[in-house]
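Before anything else, here is the set of structures, which you'll find just below.
You will see chain A twice below: alongside chain B first, and alongside chain C after that.
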Partner chain A sequence: MPTPTLTQSLVIALLQAILVVVFIFVVVPLTLYAERKVLGYLQLRLGATRVAGSLTGLTGFINRNMWKLGKVPMLSYWRGIVMLVGDILKMILKEDILPTKADKFVFFIAPAISFCASVIVFAAISFVPGTLFTLPAWVPIIGGLPVSGAIGDVNVGLLWILGVASVGVYGIVLAGWASNSKYPLLGGLRSGAQIVSYEVPLTLSLLAPVVMSGSLQFGEISRGMAVGLPFWGIVPQFLGFFIYLTCGFAETNRLPFDMPEAENELVAGFHTEYSGMKFGFFYLAEYINMVVVAALASAFFLGGPWLMPFGLHGLLNPFFSAHLPALLVPFLCQPHAIFFVVKIIFLLFVYIWVRGTIPRYRYDQVMAIAWKYLIPLTLVNLLLAAAVRYCCAV
Partner chain B sequence: MNKFLKTLIPFDIAKGLAITGTHFAKVFLTANRRKVPLHVVSEYPEVPAKLQPRFRGRLTMLKDDAGEIKCVCCMACVKICPTQVISIEAGKKEGRKTKVPTRYDFEMERCIFCELCVESCGFDSIILNHQFELAVYNREDMSLSMDGQFQNMFGISPVAKFSVADEEK
Partner chain C sequence: MEQLLIKIGQNFFLIFGVIALGGATTMIFAKNAVHSVMGFLLSMLAVAGCYLSFGAEFMGVAQLLVYAGGIVVLFLFVVMLVELSKAKEKGLFQRQTPFALALVLAGAVAFVGVFWKTLFGASAREALTLAPGLVAQGEKLGNAQMVSRGLFAEYLLPFEILSVILLVALVGAVVLAKAERV
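Right, the complex of A and B next:
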């Protein structure tokens, strides 16, 4: 395998970055659509079944003409699948309003901070151990070189993820301040307090996998939690997983902890004054954060991101490699990004599931949960992790 | 201690998740596939809306088995109507002892669908049917009478398919 020069490795990194952005812009609209449908199903509704035919726009045109012909316009009705495009188009096309008394520069920079902080986290997440794919030889500059599964699986990956993710708070607080209005300010302050409080138990619960695997590198922790233990990663870390998930809900401002966006108290929280694509960036950032939290949970607690759940790989591999057609062997018998994506999707479903079930907590209750219950529990969990590490030393 | 344990182990949250999870599974597996849907919302324009038996729709005149109009022009409905939307002109017909309406006009514009006319009728000769899609483009379509080939007091209104204004051209 040839060693890439500096230029080549930069180009490969760029390629990987583009792949990550593509992944994000595929996953986020799908999550938005799934949120509508799943939330509907949870409440015995049907979710979005159509795109409303407005007077303008293509769907409106088609709908009106089909109604005139006396037919139900099935094209825009097919289980609301047009929503995938509709959401994004709406955000891009809406007018971008700038409040007169807003701090213009900060108002402009806040959504960018929020969005960048959530995207940059992906740099340290490895989708596959080792090589994702090898480029064919005819590609200019980087032909024949392997593209690894992570942009940079650095030694302090977890530190990077936590550090950059918490920069996102700046975006929210600055947005609340720059809007020069009461509701956004209160929303931003609440959000700041909430996220800073929940950062503590979140980090402490992530410390348990670090203790058990003895590394801060994303790939190394995942490997330690997947194959370094004699059982599935969630078994010794049951408590840790649920603490992490709870803190993850709070970190991403989701129900039941969506304090900054408590509609009945604070209009829309920190993004009350935002519209158009600036609001869209906050929206995107929230959903990307969800994906990041789900990725970390599946990597550290669900037995390694690239393997089948319940430790099925070890059980099924002897059977599979003997009987499966050769086409399926690399998918089902080796670590694969598919399992990572499936686990992320499952956790995103759990997000929506919880959102459809639990009502919002009061603000003081949210703080009490973090400081009075979760932090002591994480410390207990950490002791547990140390005990597991001591008993079955890797 | 009990309260502390309840706080620590979220049984109630688990119960709630189980309920919503069952709902999700049911609706997800049966949406668009079953005759009796498990979801509680109706898909109105595509699937005809389900109405309760006592729903009060448009006023309709009934005929008996022989095809005779049941109405005997007792004017009970005209007198009781709070918005005075019914007007009847009585007449005679060969071989029938009771009176028979030669004109029975119904102005749907002002009708409040209170069903007092049906309750006051001693001969069960009028009912409110189950039609609720009654929007029209022309005001004239709101006036119904016994004659009229498409739009009359006997059948359901041909909504959006026929208009008096089109006929006049």
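Right, the complex of A and C next:
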């Protein structure tokens, strides 16, 4: 395998960055759509169906007849998807209002900070160990070179993720301040305080995988938690997974912790004065952060890119390679980025599921949960992790 | 192209250093306190970049996590909540100016005195370390592992004493806050 030169490795990194951005911009709009639909079904309604639904043509014919029969037409399940285009166009085309008394520079830069911080996190996330795919030889500069499954699976990857994610708070706090208005300021401070508080149990709960795998490298932790143990990380770390997910919900300002958007108290929180694409960036940042939290959870607790849970690798892999068609064997027995993405998507569904199920907490309750319950629990969990490490690492 | 990229890679420290200085300058000269904090944030991020450019990845990311992600947020909170009136601010800083100037001058003289040789001559042959054995280990182990071994194996007592100093600050803050309320 040829060693890539500096130019080549930079071009590969650029390619990977483009792939990550494409991944984000495919998953995030689909999450928006899924949020409407899944929430609709959880609340016994259809969700977005009516936008751009046609009553003409073949689709319309089937739809009309199924409605007549008293059934919900299958095609109408997908009809709301056109709403996405409307959403995106609305954000881009809407008038971008700048409040007169706002601090112009800070008002401008705050959504950028939020958005950039949430995207840069992906640099250390490893989608699959080793090579993702090898480029064909005809590609101009980088032909024949392997593209690895992570942009930079650095030695301190987990700390990088936490560090960059914590810079994202500035977007929220500065947006609240720069709007020069009471509700955004209160909303910004409140969600800033919430995020800073929940960072403590979040980091402590991620310390347990670090203890159990003995590394800070993202791919290494993922491997240690998926195949280094005799079972997936979620089994010995069920408590840790639960705490991590709770903190992840709070970090991304999602229900039941969406304090900044408690409409009855704060109008729309820190982004009250924002409109158009500037608001769009906050919106995107929230959903990208959800993807990041889901990625960490699926890599550390749900086996990451490895398919087989509960130590079935050793048991099933010989069986598979003996009896299954040759095409399927590498797919089932080896880590694959698709499994990782599927787990992320499942966790994104869990986000929506929880949103439709659990009512919102009061602000003092949110703080009490973080400081009085979750932090002591994480410490207990850490002891548990150390015990598992002591027992398993012979 | 290749040569240019290598050249840029070698000068990352310089680039980040200039950015850090720019941030620090913004912090001092900005009229608005929140702009000052943003300058400080930029400076902290650039210092993290400086550490990374030296291959001290643990140090760099810890800088990012602790200073940029934690301490500057607290600065921002305090500045946003306790907005000093302009006149009061000016009076405070005007009284400090002569002392600050004298201290900075003394600091600059001390710095140049110590580093005169390395500033304009050949750099030191060996890095100044307390435990050369750790450096040899660091070649094999990762950066984070080396730091943790140093902190928790070789220098546990000094490390714990340092954390007691932090505890003193915490207790002091609680005492001050309590006294005000009663």
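As a convention for this text, the second predicted complex is superposed on the first by the 353 of 394 C-alpha atoms of A that agree within 3 Å, B and C clash if a C-alpha of one lies under 4 Å from a C-alpha of the other, contacts with A are read in each partner's own complex, and residues count from 1 in each chain.
Definition applied: a contact is a pair of C-beta atoms (placed from the backbone, for glycine too) under 8 Å apart; a residue touches a chain by one contact, two chains touch by 3 or more.
Note that the coordinates shown come from a computational prediction; the quantities given were computed from them, not determined experimentally.
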| item | value |
| --- | --- |
| Contacts of A:V38 with chain B and chain C, given as first, second, both or neither | first |
| Touching partner for A:Q365 - first (chain B), second (chain C), both, neither | neither |
| Partner chain in contact with A:V354 - chain B first, chain C second, else both or neither | first |
| Touching partner for A:V196 - first (chain B), second (chain C), both, neither | second |
| Which superposed partner A:T134 touches (first chain B, second chain C, both, neither) | neither |
| Which superposed partner A:V167 touches (first chain B, second chain C, both, neither) | second |
| Chain B versus chain C, judged by how many residues of chain A each one touches | C |
| Shared contact residues on chain A - chain B and chain C | none |
| Complex contact set, residues of chain B against chain A | 7-8, 13, 16-17, 19-21, 23-24, 27-28, 31-32, 38-41, 43, 45-46 |
| Of all residues in chain A, those that touch chain C in their complex | 5-7, 10, 103, 105-106, 154-156, 159-160, 162-167, 169-170, 173-174, 177, 185, 189, 192-193, 196, 199, 216-217 |
| Residue ranges of chain A touching chain B (in the complex, touch as defined) | 38, 40-46, 49, 72, 77, 79, 353-354, 356-358, 373, 377 |
| Of chain C, residues touching chain A in the complex | 1-2, 5-6, 9, 32, 34-35, 38, 41, 45, 48, 57-58, 61-62, 64-65, 68-70, 72-73, 76-77, 80-81, 142-144 |
